[in-house]
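Think of it as A, B, C, D, E and F in the order they're written, each chain with its own count starting at 1.
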Amino acid sequence: MRPSQRQNDELRPVSLERAVSRHAEGSCLVKFGETHVLCTASLEERVPGWLKNSGKGWVTAEYGMLPRATGERMRREAASGKQSGRTQEIQRLIGRSLRAVVDLGALGERQITVDCDVIQADGGTRTAAITGAFVALSDCLAWMESRGMVVRAKVLKDHVAAISCGISKGTAVLDLDYLEDSAAETDANFVMTGRGGIVEIQGTAEGEPFAEAQLNELLSLAKAGIADLVERQRAVLAG
Amino acid sequence: MRPSQRQNDELRPVSLERAVSRHAEGSCLVKFGETHVLCTASLEERVPGWLKNSGKGWVTAEYGMLPRATGERMRREAASGKQSGRTQEIQRLIGRSLRAVVDLGALGERQITVDCDVIQADGGTRTAAITGAFVALSDCLAWMESRGMVVRAKVLKDHVAAISCGISKGTAVLDLDYLEDSAAETDANFVMTGRGGIVEIQGTAEGEPFAEAQLNELLSLAKAGIADLVERQRAVLAG
Amino acid sequence: MRPSQRQNDELRPVSLERAVSRHAEGSCLVKFGETHVLCTASLEERVPGWLKNSGKGWVTAEYGMLPRATGERMRREAASGKQSGRTQEIQRLIGRSLRAVVDLGALGERQITVDCDVIQADGGTRTAAITGAFVALSDCLAWMESRGMVVRAKVLKDHVAAISCGISKGTAVLDLDYLEDSAAETDANFVMTGRGGIVEIQGTAEGEPFAEAQLNELLSLAKAGIADLVERQRAVLAG
Amino acid sequence: MRPSQRQNDELRPVSLERAVSRHAEGSCLVKFGETHVLCTASLEERVPGWLKNSGKGWVTAEYGMLPRATGERMRREAASGKQSGRTQEIQRLIGRSLRAVVDLGALGERQITVDCDVIQADGGTRTAAITGAFVALSDCLAWMESRGMVVRAKVLKDHVAAISCGISKGTAVLDLDYLEDSAAETDANFVMTGRGGIVEIQGTAEGEPFAEAQLNELLSLAKAGIADLVERQRAVLAG
Amino acid sequence: MRPSQRQNDELRPVSLERAVSRHAEGSCLVKFGETHVLCTASLEERVPGWLKNSGKGWVTAEYGMLPRATGERMRREAASGKQSGRTQEIQRLIGRSLRAVVDLGALGERQITVDCDVIQADGGTRTAAITGAFVALSDCLAWMESRGMVVRAKVLKDHVAAISCGISKGTAVLDLDYLEDSAAETDANFVMTGRGGIVEIQGTAEGEPFAEAQLNELLSLAKAGIADLVERQRAVLAG
Amino acid sequence: MRPSQRQNDELRPVSLERAVSRHAEGSCLVKFGETHVLCTASLEERVPGWLKNSGKGWVTAEYGMLPRATGERMRREAASGKQSGRTQEIQRLIGRSLRAVVDLGALGERQITVDCDVIQADGGTRTAAITGAFVALSDCLAWMESRGMVVRAKVLKDHVAAISCGISKGTAVLDLDYLEDSAAETDANFVMTGRGGIVEIQGTAEGEPFAEAQLNELLSLAKAGIADLVERQRAVLAG
């Protein structure tokens, strides 16, 4: 039995709350169980230098954790003077994931920055962040559409969501919490679109190397989990 | 009439919510209207170098703002590689304010760090932070008391809370929101104890210099406002 | 009796020496007793980005301390790679104080930077810096006036000077030196104009909170002290 | 046909040259075609803080690129004052990959740092680095074994090597050079052991999302390629 | 006898290998015995701000050492976040030395950056770097000449090369290796042109001060050594 | 004729003022004409890590310039977050020069840091700094001697002073001011002891390379100039 009493293919309770920020053009508070991430999408009328006069826009992401989002307080990155390798790795992943479903030409020469700030962490912060960031991005595009700036359906080519899987005590399980994640033999993150295409897969053997069969087992779990998450995105955006 | 339709001596709706963090020893989500600050108190069994073997502990604070807490997205301090002068000024103020009501000897050789992270800003973030940080600190001490580490009543000598006042269109007003603050001629922050002693006063003429009489008017408003905030702290801590 | 044998309302010997720098457009070596601060005003034909094409100029300040200005050598900020929170707090205060008496429109699109470098410290460096910076600024404007760039009397609306007060052994005293400052129960800095308006007030209880009556006592001392300093500014600028 | 005229499952010419550094305890110059990486393993008699008195050692990696390793000169990271997110991501990957085949307890409380410096880049620098780093690490352990410090065969549990695959013009291909990599629809890096276990898999859709079948095709290519690389490691280490 | 069994006026085996980088416009791997430095010259169509619209170009250099170029691994400068004083001193010296033989007007508004990266160090890295950087620079200019951008012979006014000398056990010796350098009483670096003019001389007494006569002895050694190096540059460039 | 109307072998008016700092163990304000450098020597009862338990002490130097020491205001190094290459080069030179006349064993395990801060610059700041730093160091050692910590005469083996020379309009001249320095063809700095030994020589051709004969001419000027400076050090220290 899993520590959280969940089935092997069972997600934690998921919630996606829209419009949680007074200021941001789009925002979403996403919860995967006790992992809570605040995602805000900010529109800026500028693009990075290499896109100037290209007619194309840019979507990027930044990631942070409040110092006491975790069991032990971590040093504040602003105080230590730099973002850790882990932070940079995650925010690059979120940005790539979002851009996989965006038509940058249809966006026009503008930048949307999605900030994903972990208010409370219990494993899976990057996958929750991607899943919530998509909702914030979608609402930002709706905000823009209502002002005649873009056609949302042209910019957003598909949904994108993410989930972690892992091999825990020899068994493939979905959506690991911190306790399970710390002890898992293999840890894998999947990012997939609404149509089931794979955008990103990152699997790491923490202990023993894993086999191809196990990888496929994890992928099956992820597919189902992400399909579920995309349904929830659809529901909340329709709401 | 004030932009927010409030009386000159009227606070914004204030709420103090305890135990909002799964991990922190004490925590409080404080709201002064649309200004929302998450305060978490973290206990560590170490002290700064200059207090080693002194038998005394330390209470300190850190302050941050999520990039889109404000009307326009601000650059993430972790990304720019340093904390701004404003950030440092505020976190030094919060730390001093808390230490004004703490008996560091009764705390013993331990450090409590109160992180104040602005989730949403609408003026008065530093005063909301001090007011909420006191509640988080108090709960952290209760956590410690329940483990026989300290006697909370010996460590905490009094309450401490803070409020901003200002002179807006010639009139002294209490608890300015961002709109009012941006246009105020004078801006002042007051930190006071439960017994009415002044811990800190910072008044700045943004436009014309102000007179002694005006300073006293602001102080009167602040006294009443802070007394009200201390009442709310008492109520929520008793709850 | 005060350690320095001064009366409670007595300033240390004050001197303001003009034109101490061969290169700067205006300069002043200010001494409050053993506290010596070199202030240089530098004119630059550029403004910060947010003022471009506004027709307005900018006055700003930077503050530094030589490593052995103090009793124990402090680490050089250029070597440690950043300015401390204290340094940033002080230079922001000096800049605000100067701007309180400057008509930025009458200055035109130019920037004056006043560097305040503490050659020797014995308490009250920020108040000495403000008092001397005004003289350096005034001379910089005279230099500009002699070249037909501005009318000094239109740019400078008033004098500005500053002094510290404190409660030491229960008594309110003026212009604390380092020895007195280290032991004071309350420490307050006042910045006021030649006409007696308050520009900035910063009061901090280092030990017990202080009462409104004490605040007013400190303010009275400060008013007299600053009036005296303004007289000295007038005298030296007339010289 | 591939730009390099290679078969889809064909590696570039690979060479592994040992003992290329006069100073390092182990070293290897690895070439995957025109991608050249110098790997040096340095032994230090210290471990990171969290391993002190644990009886366990540590293996870590650092990665760098000479400024003109690439087609256009890149800014030197030492001059810009920080390592890019990409650099950190890669050096974390190399370290994890090596640790996957190391018994840290058998190493004892010592650290081996493998520096992977790209002398010339033409795609696949991270996979070449891992493949060469293993050889440098193995030689470092041989150096230690000859001094009676460890038994190499107990520390090194298996071989580890890495290769990139990708989908280029709809076809799965092995070991992409820069030209192919820039245009590939999907890019994936695989790290596997000598016994064929998967240590790490990172797949990214640069353009269209990819399907499970494609992932498996890439994995097949990688398995064969890595088996080949491991043979070459064995040959050169036996030499 | 010298530790390396060389005569007092004998250089280490010197080699200059051209065109060692696939990407750089000019490159040279220079070896002074066991000191190996890779020099790459990169052309950029931009100049530093102060040269814009001057019609003049710029030649500059950067210097780095791989972490394990030395007997003990040194911290990677990119990881420590800054270049050491020694690194900056050396790269400034290389840049000045190259510019001494370049007509910046004949270069036109372009910048050539010569990166000198020490692959392996055994004393004399800066002098080897200057000697090899000249070859890389010359080849970069040849590359430009073949595209009609410049006339190499007009840009390069002369050769430049460098060598170290020192007083070791009371005797003046040429081209010190690390062992000799560590124990030398005086260490001097000379940069001279093909026509024998002195571009730079830096002599430091590590132990006892040295006398004028000794300085002249060192200079004599250096003249001969540099004449030899210039011959080798000529030979390899003619090859 | 030189711009300053001086003879070719004539120093600028030199003054060395002792005991100018209330706090430092030794201090000297040195003036070479309009170049003014404040030197303070600070004693600390600690040594760098590599000297612990060696019985030896350390003498080091730091160098800085006030932002408006120069004709145009320079950016404050503490604000830009790092010391320039020039600053580091100079402070390393000052430290080496002082250590050349110090017996570190006789100093005992302590560190003396000499801070050289340029209050006003007009060429030759590094040579003035070395000359003044020696006086500050000597006074620091006298302070220590009076407390029975060292015997000054055993720690200080000789005097050390420095001067710049240059070739200006084809003529060798002594002690260049800024105007002359900017236009000189060759610029050289000499550091020598009281007994006439050479500690450091740094000569740079700014324009045309220079010849051996010119180097010797510069050295002759420097010898006489430094002998004069050493006399002045003796006189002021005897005073």
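Of note:
Following the convention adopted for this analysis, contacts are C-beta pairs under 8 Å (C-beta built on N, C-alpha and C of every residue); 3 or more make two chains touch, one makes a residue touch a chain.
For each chain, UniProt lists the protein as follows: A, B, C, D, E, F = Ribonuclease PH.
All values reported here derive from a predicted model rather than from experimental measurement.
Touching chain A and chain D together: no chain. Comparing the CA-atom centres of all chains against that of chain A, the greatest distance is found for F.
When the contact pairs of A-D are matched by residue number against C-F, A-B or B-C, over half are shared only with B-C. Taking each chain's centre as the mean of its C-alpha atoms, chain B lies 59 Å from chain E.
Chain D and chain E, compared by their mean Cα positions, are separated by 33 Å. Averaged C-alpha coordinates give centres for chain E and chain F that are 28 Å from one another. Chain D and chain F have centres, each the mean of its CA atoms, that are 51 Å apart. Multi-chain contact residues, meaning those touching two or more other chains, occur in chain D at positions 81-82.
Interchain contacts close the chains into one ring where each touches exactly two others, per the touch definition above. From chain A, with the walk directed at chain D, the chains encountered around the ring are A, D, E, F, C, B. For chain D in complex with chain E, the residues that touch the partner chain are 21-24, 27, 34, 38, 40, 42, 44, 62, 64, 66-71, 73, 76-79, 81-83, 87, 113, 115, 117, 119-120, 122.
Those residues of chain D lying in contact with chain A across their complex are 82, 85-86, 88-89, 91-92, 96, 100, 188, 192-193, 195-205, 208-212, 215-216, 219.
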